[in-house]
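As written, the chains take the letters A, B and C, and residue 1 is the first residue of each chain.
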């Protein structure tokens, strides 16, 4: 029943402020447009605060941070939080350098993010203070598998509890948890790791899903327009949508195509995805 | 008879200096190459002045401006204007923040741009000093339609007159005007709004069209190599080319394709466009 | 017998630190993933030194340099060289501005790069101190042709000798030389010049090829696991792979496709390339 969150994004068309890296920013913008949201990018401290005010959600990604944009992140996060917009943190490369780890942790100290999305090494770094991040990719030793699933579900629930944020730890198996419930999601394809920025794109998508849900809580779980905001389900919906898009796009790949065309086909699959397609294709259990 | 301006770009291969945003910059570079121009990007004040000297035209886009690149914009604009190169301003997000609005207006005070290209909200902001820009997209209330067409034609002619620039206000209906004549252009597809940066790409294209026209005025209006430079018609030609590329690309889209592939197909359509194709497909009237 | 170097990249999966321009950075990341390497981008001085430590090679590209990223280039180059990682310099636009020429030359004074890759105008600028660079493209007068081939082979060997670096001068004919041997490579398609960043992508690729070779010298020339590191052959292998990908992608192009789709198909061709495909398709002689 996650398809309604996708439909809600198309209906509400939230405006999403992205302070993100220059590597994957174009794909983030296009996937936000594909899902029916509007992207805007702004990272200068003198511009970003005002931009964040007219938006519905803020997506902070530290993939190519620098002294100037870090300032932009802090002032925007503070303003966005004050205005009760939704806020997401993507701690790209946390664990790979002190600046990245420190920036992510200080941002978490400054405001409570609605969602923190990262790979297993990045999330472990945020919890343990140091990690084994292999550049911007997860270290194999950190991967979520059926063998360590019980442990990892507890791990993300605990981190959700201590941080007050929904944790989306994504990889071969995706975990999306608050302190009580954890979605275990098995959508996606391993070949998605051969495209730069599928994680960044997912962070953009999730921000749109939770911004739409906050703007229109009627989309929430079984509550016939009377219920509360359900950001956990909205986040899980975004994660399933991205993984499912990866599956659909992979089926559409032709023999001589590779990762660059695959990138386009994934965004195309989000563009063509309906609530029903998502409901039919989402593969998850809740623990 | 706008096709000859396209052919002139392919013949002159102008070198275009772009100070543009990091979101859509790659597509701007590729569409400039597609039309036969050469792109170069440089925004550092210590680099940009020298780069602009070896170029034929300057395209300033404030989509992800910051304190450092704003300096680069001003020194480049001044040098480019002094050298009598063509200059275009794309005031992305004017109206969405004070920094954007102020930067655009101060740039207009510093030099006379040959062309200012923006959506209806951005152009209204430049005229009225404040706008209702919905992020980087036009507010619906500002859209040009058949209902307000007479008013809007007068509006852009008046702004062309007061600014001394050709105004290209683009949207569902595109208006390209100097103080006397206004092209009303009906090429394009609404789906182009679902791709990030079609406006930025168009600004790059127009800069190439007017740079080629200035370099070789023989391409001008019915003047058999004796006439003057005709930047208005060259601008209108660029706007028609982009819209027509959107139409051609849309026809080439396959059922499972979406906005990301559409982006590629639009640039591809520019790559394959001839003067004849443009002459046959351009849809405009002059008021 | 260059195919084994490609296979070695897929086997070693080197992590490549790129300080590169924001125009073509996404394509650089995707082609590195296509060949089996891992990209990471970082240009802030406070981040880049630490990032370079966890990597296997450093690719410095000055395409959109600024005061802040230039600092990042210097501190990273110094650290990477100290750690005996492989280092490549792509002097984009050297000759087009003093800042670009000076930065490239000062970087060469600071460390000995394993490879310097540029077009003919950029390489001539590094040797002669001033050039005739047409923006970021080579000036026609500088092009390598069958007429000036003997002269140019000697020219690059001499520069390899004086600089201590392998020189990869790429264009219609590619030359890859150390002081003793020069590969004359005839892979590629002229249409590759209509895509932004094929040179930047090649620089990323070469960095991965030489990083893998340095990590696992057994891939070296006919040495049955006992030989030394062979960075010249590894560089030539990367150059052949890129040119061959351009040929394969061109064959796969459909009538209405142009430079944007061609870009994707080239990266796709690298993604699908095997050592055997490269061995069968590489066109070179050694002088």
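Methods note: a residue touches a chain if its C-beta (ideal position, glycine included) is under 8 Å from a C-beta of that chain, and two chains touch if they have at least 3 such contacts.
The structure presented is a predicted model; accordingly, all values stated were derived computationally and were not measured.
**Q** Specify, for the interface formed by the sequence copies subunit B and subunit C, whether it is same or different in terms of residue numbers shared by both sides, with half as the dividing line.
**A** different
**Q** How much rotation, in degrees rounded to the nearest 5, is required to superimpose subunit A onto subunit C on the basis of Cα coordinates?
**A** Rounded to 5 degrees, the superposing rotation is 120 degrees.
**Q** Between subunit B and subunit C, what is the gap in Å from one C-alpha centre to the other?
**A** The separation of the two C-alpha centroids amounts to 34 Å.
**Q** Which subunit C residues sit where two or more other chains touch them?
**A** 22, 26-27, 68, 263-264 - these are the residues of subunit C that touch more than one other chain.
**Q** Which of the residues in subunit C end up touching subunit A in this complex?
**A** Residues 15, 22, 25-27, 29-30, 33-34, 38-44, 46-47, 50-51, 54-55, 68, 248, 252, 263-272 of subunit C touch subunit A in their complex.
**Q** Given the complex with subunit B, which residues does subunit C contribute to the contact?
**A** Residue positions touching the partner: 21-24, 26-27, 63-68, 93, 96-100, 134-137, 194-197, 256-261, 263-264.
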